[in-house]
Structures are given as structure tokens and as C-alpha cells.
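Written below as C-alpha cells is the structure these notes are about.
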Amino acid sequence: MLRGTVTSSVWSTKRVEGIPAGAFLEVELDGGARLIAFDVLGSGIGERVLIVQGSVAASWFPAQKSPPIDALIIGSIDETV
Amino acid sequence: MLRGTVTSSVWSTKRVEGIPAGAFLEVELDGGARLIAFDVLGSGIGERVLIVQGSVAASWFPAQKSPPIDALIIGSIDETV
Amino acid sequence: MLRGTVTSSVWSTKRVEGIPAGAFLEVELDGGARLIAFDVLGSGIGERVLIVQGSVAASWFPAQKSPPIDALIIGSIDETV
Amino acid sequence: MLRGTVTSSVWSTKRVEGIPAGAFLEVELDGGARLIAFDVLGSGIGERVLIVQGSVAASWFPAQKSPPIDALIIGSIDETV
Amino acid sequence: MLRGTVTSSVWSTKRVEGIPAGAFLEVELDGGARLIAFDVLGSGIGERVLIVQGSVAASWFPAQKSPPIDALIIGSIDETV
């Protein structure tokens, strides 16, 4: 998994079929790279998150046919006290 | 997902069987790297797009046997006003 | 596989369903990069470990539906005498 | 997909079972990196080619059990006039 | 596929279940990066080898359940005369 911080939302109206309910969020990974991850947790700007990549992101969805998603936010990282 | 800008078309007449209807487009990713993505949306030069990579790109196609495609444009990014 | 050293634990209370029993551990790979790997072996801070990435990490789990895990610690590296 | 130029053949007599008919070709990718791709098109030295990577390369083969191939030349790039 | 040279063995006594018979070998890839590949060919230190990565490495094994292996040596590269 990779760790990063949500920086913004990405909107795509013209898109292929099969994208589930959720949001595309831009995440700045620790180290500085950026990617777009799919979010089903309602993550907000500035939130620290864990991301899985690859077919595992698509397989998480319950649909019989996996959606075209290759990065998924699987959790919010707890603040360390 | 990765984000980039379509820069040109790529043509391949001599190719393996099983490539579906659509276009090979060169995309310059944010950051400067380039890859060739498959497009079924009619994306044009200069269009900002979202791309999935890996087996997820192939699995999107409805055919029983997934095509030899490892990068797919899944959406056009809305202009931010 | 990649080789690295466990550096810390990562906690995530707000997370998607389907994450199995185990721990998220931060690992510093040989070379300096960092990733978060899932651990079912009880690996400790400072332990040298082997990690698999990608869908193989998820497929290891016995559940019928693979969990959203893309990096798994598969072994502890024996100290060389 | 990645784009590159075939630079040489690679021969492996001692190898695992299950590798199909075809050739291992070294390809220099645009940007300078090199990888070994499997070729079923009879591509020659100097030819410009499109390559898929990952499980998609193996899934293309019609055999019931996918071969241990993770990069496949899927087409020759047409010369632009 | 990637090409590299076997540099050492890696031993792991404490490990997850499901790892098949064979050896973990450290390989220095052309270019200088290092990874740990699984070997079933009896490859030796200094041998030049071809490696597949990802789920394809696991799928090669005949077991019904793929092992947690994401890099496999598929052949030894013939010396060029």
C-alpha cells in the first residue's frame, strides 16, 4: 500500500461505463508523486490515506464485473498522538 | 489512475489478433512520462484524460477473452472553471 | 520480491470492509523507498522481511473474495552468521 | 502500452516449461530503459513496436494455462510519412 | 521480462504457508536495481537469468492455489559466442 494526502477532487463527466459510485481524488504520495485514487469513504482534502493499486483495487468492488479502477483508498490513517 | 494529455495517434497495421475497436493514443502524463493508451471515447489531441493501467484495462472490455491492452482511457477530465 | 526493514506500525480505524486480521507495517526497502505492507507473521520493528506486491498479495488469503491488500510480508529474512 | 525499438535477440535453452513458440527480443524503450519482450510477429532488429506488460501479456495466449510471459509485442508501429 | 545476474541466496525460515519448493535468489538487474526472485531451475551465483514479475510468476506453478511469489526466474540466458 502507499500512503498519501488527498489534495483535490477530479471530475469526469464524459467517461466509460462501469465506474461505480464514489469520487476520484488526487493524492500526493509521501515522496511527492501524485496519482488519482478512487474513494468510497468520503475522504476529504488534507486527509491522510492508504491506497492499494492494481487489480486488487477493482476486485474489492462487489460487482460481478470489476470496474475500471486501478487505485482505491482503503483507509484513513489515524492521527498519531 | 494517472492523468495526462493526449498528444498524438499511433498506428499499427501489423499486429496480433484480439485488439478491439478503438485507437492507440500517445499520452503525456503529468510529470512528463509518456505512454500509449487505448481509447474508446474518441478522445482528441490536447484532451485531458484519466488512464487506468494493468489487467484492469483489459478486463473492462466485454469480450469473454480480455484483449492485449494494458492502458485504457476511462474518462475525460472536466475543465475547472 | 522486495527486501526491507520494518520501521513502524500504521493504524487505520476508518477503512473499507474486507481487510483481514493482521497489521499494516511501514517498511523501508533496500534502496530507501518506503511502502506499507500487510503482516500476518507478527513481524516487529527492525525485522528484515521479504515482501510480495500486487494481486499475488491478495490471492494468498484463503477467503473466497481476495482482500484489498497489494503488499504482503511473506517471510522474515534469516540473519546471516 | 510502451513503445520501443527491437535491439537484439535473447536465447535461453535452459528454461522452465510452458514457454510458447516465439522469440525473446530485447527492446529499448523510448526514454532509454530496456526490457525483454516476447514476440510472435516475427519482429526484426530496428523495428518499432508496441508492448503490453503484466498479466495481460500472458492472457493473450490461447492456452488454457497462461505462459510465464510478462511482456508481449502486440504490434509494429507504422512509419509516419 | 527483466535480465539480471544472480548474486546470492536469501533464506527465510519464518514464513507464510504456501511457498513451493525452490530458492529465493537475489538478482542484480541490468541497470543496477536488485530484487529477490524465486528459482526452480537450480540457478547459481553469477548466472545470467530472465525474470518474470507479477501475478504471472505465481500462475506458472501447477498448484490450484497460486503461491505468494511475484518474481520467477524463467530461464538462463545462453552465453553469446
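A, B, C, D and E label the chains in the order they appear, each numbered from 1.
The rule we apply is simple: a residue touches a chain if its C-beta (ideal position, glycine included) is under 8 Å from a C-beta of that chain, and two chains touch if they have at least 3 such contacts.
The shown structure was predicted, so the numbers you read here are calculated from the model rather than taken from an experiment.
Peer 1: Which chains, if any, touch chain A and chain C both?
Peer 2: Shared contacts of chain A and chain C: no chain.
Peer 1: Would you mind pulling out the distance in Å between where the CA atoms of chain B average out and where those of chain D do?
Peer 2: Spacing between the chain centres: roughly 20 Å.
Peer 1: Using CA atom averages as chain centres, what separation in Å is found between chain B and chain E?
Peer 2: Chain B and chain E have C-alpha centres separated by 32 Å.
Peer 1: Where in chain D do residues touch at least two different other chains?
Peer 2: 54-55, 57
Peer 1: How would one label the connectivity among the chains shown: line, ring, star, complete, or other?
Peer 2: ring
Peer 1: Beginning at chain A, go round the ring through chain C first and name each chain as you reach it.
Peer 2: Starting at chain A and heading to chain C first, the ring runs A, C, E, D, B.
Peer 1: Taking the complex as given, what residues does chain E use to touch chain C?
Peer 2: By the definition above, chain E touches chain C via 10-16, 18-19, 24, 26, 33-38, 54-55, 57-58, 65-66, 68-71.
Peer 1: For a test of understanding, state which residues of chain D touch chain B in their complex under the given definition.
Peer 2: Contact set of chain D toward chain B: 1-3, 30-31, 40-41, 50, 52-57, 59-60, 72-78, 80.
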